[in-house]
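Here chain A shows up in two complexes: once beside chain B, once beside chain C.
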Partner chain A sequence: MSTSSGRVYVTEAGEPIHGILAEFGSPADLYHAAEKVRDAGYSRWDTHTPFPIHGLEDAMGMPRTKLPVLVAVVALTGAGLGFLMQYWMSGVDYPLVVQGKPYDSWQAFIPITFELGILSAAFTALIGMLALNGLPRHHHPLFKKDRFLSGSDDKFFVCIEAGDGKFDPDRTRALLEHAGATSIELVEE
Partner chain B sequence: MTTAAASRTRLATDNISLSYGAGRSTGLGLMGLGLLAGLAVLGMGFSGAMGLTLKHAVAVYLIGAMGVLAMSLGGLFYVMAFHLTNAGWSATIRRQAENLASFLPFAWLLMLPVLGVEIATHGTLYLWLNPDYYTDHALQNKAAFFYAPLSIVDHDTHEPVKGAVFPAFFVIRAVCYGLIWTYLSRRLCRLSREQDVKANASLAAKARFTSAWGMLAFALSTAFASFDWLMSVDFKFFSTMWPVWYFAGSAFSGMSLLVLVFARLKSMGKLEGVVTPEHFHDKGKLIFSFTVFWAYISFSQYFLIWYSNIPEETAFFHYRSFVGSAWRGLGIFLMIGHFIAPFLIGLFRPVKKSPLALGLLAVWCLFVHFADIYFMVRPMVEAGSNHPVAILSHLWVDVVAIVGLFAVLVGYLIVKVPASSLVPVNDPYMDEALEHRNYV
Partner chain C sequence: MTTHPHPDEVTAQRLAGIVRGPTGGRDPDPVTGDGTLIDTPGVRSPLVLNDRSFKEITDIICGYVESKPPRWWYFAAAATGGLAAMMGAFILYLVITGIGTWGLNNQVDWAWDITNFVFWIGIGHAGTLISAILCLLKQKWRTAVNRSAEAMTIFAVICAATFPGIHVGRQWMAWFLAPVPNANAIWPNFRSPLLWDVFAISTYGTVSLLFWYMGMIPDLASLRDRADRRLRLAVGGGGPVLLPFVPIRIDQIRAKVYGFLSMGWRFSGRHWHRYEAAYLVLAGISTPLVLSVHSIVSMDFATSILPGWHTTIFPPYFVAGAIFGGFAMVLLLLIPARELYPNMKDLITLRHLENMAKIILVTGMMVGFAYSMEFFIAWYGGNEFELYAFKNRAFGPYGWAYWTMISCNVLSPQVFWNRAMRTSPLVIFTVSVLVTIGMWFERFVIIVTSLHRAFLPGEWHMFHPTPVDICIFVGSLGLFTHLFLLFMRFLPMFAMAELKAVLPIASPHHGHTHHHAEAHNGAAVHANGGH
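What follows is the complex of A and B.
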């Protein structure tokens, strides 16, 4: 990624570092911490909460997803190709008289054009969502941390990745401490 | 909660009310002028002034009346849909939907001149009322729908009766629609206004209960009104998709008019922080969804008729679409104007969130809505003829009648909107609506 520092941080044992994980006690604390991390200019980081927190994406400064554009483009392409396919098959390649209609009756092609538009839109929405989220993945470094388990119960986490261009072991830790983290630890890859 | 208390300050009287009587004379003037225009066109048709036929006059008056009826039916639909779904976001926009729905008794009254003229003249536009057509087998088979318990065929001789028969069942249904629409719109508006004063949540529960059976009554009355008053213009034609077509236009145009009401209120500096870009976003989504719905059902109707090729059905579309037909251009315009253009424009989020942009789109939507009803009715005036000059003659009369009847509704809203608080202040969902955001 363009924001990557290119540096690799390792622990004293020599293991590469994934990032720094900070725990927060309440949604409000996490929300304000997210604002501080955002304002500090980090880009490769994420928050983890047991339930959705409205407005957190703004506090994190997340841009709007590109998925709708992707879906629109693929859906229109799918619909267009669907129409051309039928036109070519029925009108050009193997003309058959059906119901006494002209070979290239556009009306007859609409349902399949529509369905192919929907189908490609649905597939793009699902697969695109997974791809943009980096899913599926069978493991994540955070799962090694016992403390992270409470992220599905009553604790709130920020994890800033070592790959971030602004990442610095000391300053990033200081930022999270300043933001009110109740616990901070390094996460190995 | 403190946020709820803070949001409540947005409900300051100044922000959610217009001074009572504001614009009243303008509104009443507009109503009077509009009604005068509509009736003048009918009068011209009767007297044959400037060569206008009565059939033409009744048709264009019908287009205007059914157009505004569709909008107020759309208002009623949204009020009931919001109640039934326990919708939170819509609490701040429901009052204006109620105002739109409260036009229903008047919209019904606007239809009376058409029904009166048609019955009195034994069918100029509704040819099934004309005794000359009693010999038609298609009409004889449908006669009970219009004339029961009377009959247009003599029981003993099986010959068509001489002289016009009173369309009893048709008139009974027309009265039923009036009663249903008046009752539903008045009751839902009354409960909502009562809540403004009493702050009693059980009133919302009553409104919800009314909406439950009301939605069914609405669906049946709207469907049969569209059969009776629009589809019967071509009595040989039949389509079970027809009411859905009319309803799609109704929900589409009703929401478009609501958007314009709110855009106007916002431009007056009202509803600050009460109706937000988030609410406009949702209204835009509804317009968008109903333009897609309209395209879906109107194509479905066309498609099945085109495929099955049954003469009585196909005639409707053939006359409007064969190469060289004077109406072909209007049909293609509707495909683009009523579907493709609003669809592509409505895809963009900034358009839906901006009162100005969505307002402009809504103006366009109202225009194509009238064009849609025009496409249903107007070709029947010169049915069989395909002479563009004859068809386009008196086009200004069409404009006067349609704009006139629309002005009646606009004038009514100008009078009605300031008459109560702009939002149902004590609605149980008010806090939720004030905090409404689309988290996507």
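What follows is the complex of A and C.
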């Protein structure tokens, strides 16, 4: 694949390279390695851990996700539309006197407004999380690695992509070795 | 090629107790035992026993799914499946014949149907409380029980939703519940708590399902990776086939199905960050949701003018009762599971059971307070119909049901003041059975005793259940248990990723004393990062 600097890295067999995968022995080792990769100025890289490690987003230098803002906006929209739906159906389209209440008795519409707001928020949280993560994506170069398949168990990985502008096969490998990687291998595209 | 035994076999042997799980070479401390019930302030009791490593946790939990189910599972699944089929048959009979086949009459026009509805919907609440409220309160012990409690919530909502669906009478008109105009172009009545209820229950069911599913994505990916790995490395000769002479390996199906469901999750740190944000958002919105659902259910009653129903205490009283009954059901499911699957005791410790017993004690006293407050207001309010309704409730023809409720719900949890009692699985199980019975009677008492003697003595009637009433209710218990057994067999029963994340070894600052300065910097970043 071509990088932002226009270089293409291939293996000895001529396969294009996705990146370098380094394994670390413990969450603590991975955490410190992430800090080193962050400080070295890489941008296209990722960690792979069987569970979320506390504070790793800071060690990786990630910005906070905008997901909560997205959820709030959609939730308020959903609640607003829910309220207007009830108002229009019972007060405008077919006005009906029920229990002697006025057509615009908005208080009675609040419970359903609330529920619809919650419903919109929940869908946005799940679908928004997946969309921002670029999922579903069932094929990824990393899945070809046998070693990566036990990653969900007890392995801690850092993967630096060849597409990163600072990527250099030797220097990147040296950085990961210096950070304490227990094994390092190339990932083909 | 080396001939390793198939991992399924190893796990099966370990589960059967043939092979013991490693203990980390340590004997239990002679004073505090395994540390489960340690009571020193500032010392956390271990959430997972026997020094289980990350890998062992994965093996144990995935083993429940990957190894051949034990014999009891088949018996239990067949028995409960039979009950569920009986429920289906009686519902069919009910739809064909009409709800006159229930014991309803002109006066008692809500009875077991609505009792069962409120009973089941209440049970669901413990699952959401564990997954949402305990998450916000950072109660780490929830990770041992949240997955199964969330599953239980969904199955309880399924059972609950059945009852109003069939109780509408002409079931083929159930679409009237949806916000679409009927044949006369009239819209549903948005001012009715019954319609609020439709929205509350369907939102609750949907949000619980989304929450449950999202929590499972990483664990489904683990199951996918394990199946993929066995296929790729041809462990155990490629694993068992689906049927004799059918060349489809079970692992191939697992890799496909779990792979599809796990959305291609690859445990990326960037993904985890958004995942955790989404999880926190879902916990945050589920908390008011769970409080609203049973409040709205209670308004089905409270907004009527019937003495015994028309009280302002209903919303909090119903929510407390729902959590109370729900925890009893969680314990009813998990205590036998913990006995039947040997290694589960390492994951659900006595401490977890003790914590839930404490919640039962607290919420039991809340409902006890609500029962007494209802009587106080009936007297203090000075309304003679109200006072009559409550006197009739305790001393009328359904007095036996009332006192069953009081002894099961208020008296039986009091044994939990004693520590030996609340750390004995047998005692907890017995109390949970009593609480479940008591909570069913609570709804029966509220609904039937209030209805059967309303304002005019000329319309007083007793309610007598028919075999159709009984079989549909018993069938719903079967359906619920059957769904839970299927869940135990096919889905990860514990939140593996969350369970691993609360282990001490999962901390990025574990065992690195020489990195102390950096660790402190890390902690400072957390505080600034607004976690």
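Some points to look at:
Just so we're on the same page, the second predicted complex is superposed on the first by the 169 of 189 C-alpha atoms of A that agree within 3 Å, B and C clash if a C-alpha of one lies under 4 Å from a C-alpha of the other, contacts with A are read in each partner's own complex, and residues count from 1 in each chain.
In this section, a residue touches a chain if its C-beta (ideal position, glycine included) is under 8 Å from a C-beta of that chain, and two chains touch if they have at least 3 such contacts.
In this text the structure is predicted, and so the values were computed from the model without any measurement.
Taken together through their common chain A, the two structures put chain B and chain C in a clash. Of the two partner chains placed around the shared chain by superposition, chain B and chain C are both touched by A:P111.
Look at A:H54: by the touch rule set out above, it reaches both chain B and chain C.
Of the two partner chains, both chain B and chain C are touched by A:Q99. Contacts of A:A28 after superposition: chain C is touched, whereas chain B is not reached.
Counting residues of chain A touched by each partner, chain B versus chain C, the larger count belongs to C. Of 134-142, 260-268 or 368-376, the segment of chain B whose C-alpha atoms clash with chain C in the superposed model is 134-142. Note: residues 52, 54-55, 57, 99, 101, 108, 111 of chain A belong to the chain B contact set and to the chain C contact set alike, using the contact criterion stated above.
Within the complex formed with chain A, the chain B residues making contact are 299, 302-303, 306-307, 309, 347, 437, 439. Across the interface of their complex, chain C is touched by residues 26-28, 30-32, 34-35, 46-60, 62, 64-65, 67-68, 71, 75, 85-86, 89-90, 93-94, 96, 98-99, 101, 105, 108-109, 111-112, 114-116, 118-119, 121-123, 125-126, 128-130, 132-133, 135-140, 142-143, 146, 148-154 of chain A.
Considering their complex, residues 52, 54-55, 57, 72, 99-101, 107-108, 110-111 of chain A touch chain B. Partner chain A is touched in their complex by these residues of chain C: 53-55, 58, 179, 181, 185-193, 195-196, 199-200, 203, 206-207, 210-211, 213-214, 218, 221-222, 225-226, 228-229, 232-233, 259-260, 263-278, 281-282, 285-286, 288-289, 292, 296, 299, 496-498, 500-501, 505-512, 515, 518, 522, 525-526, 529-531.
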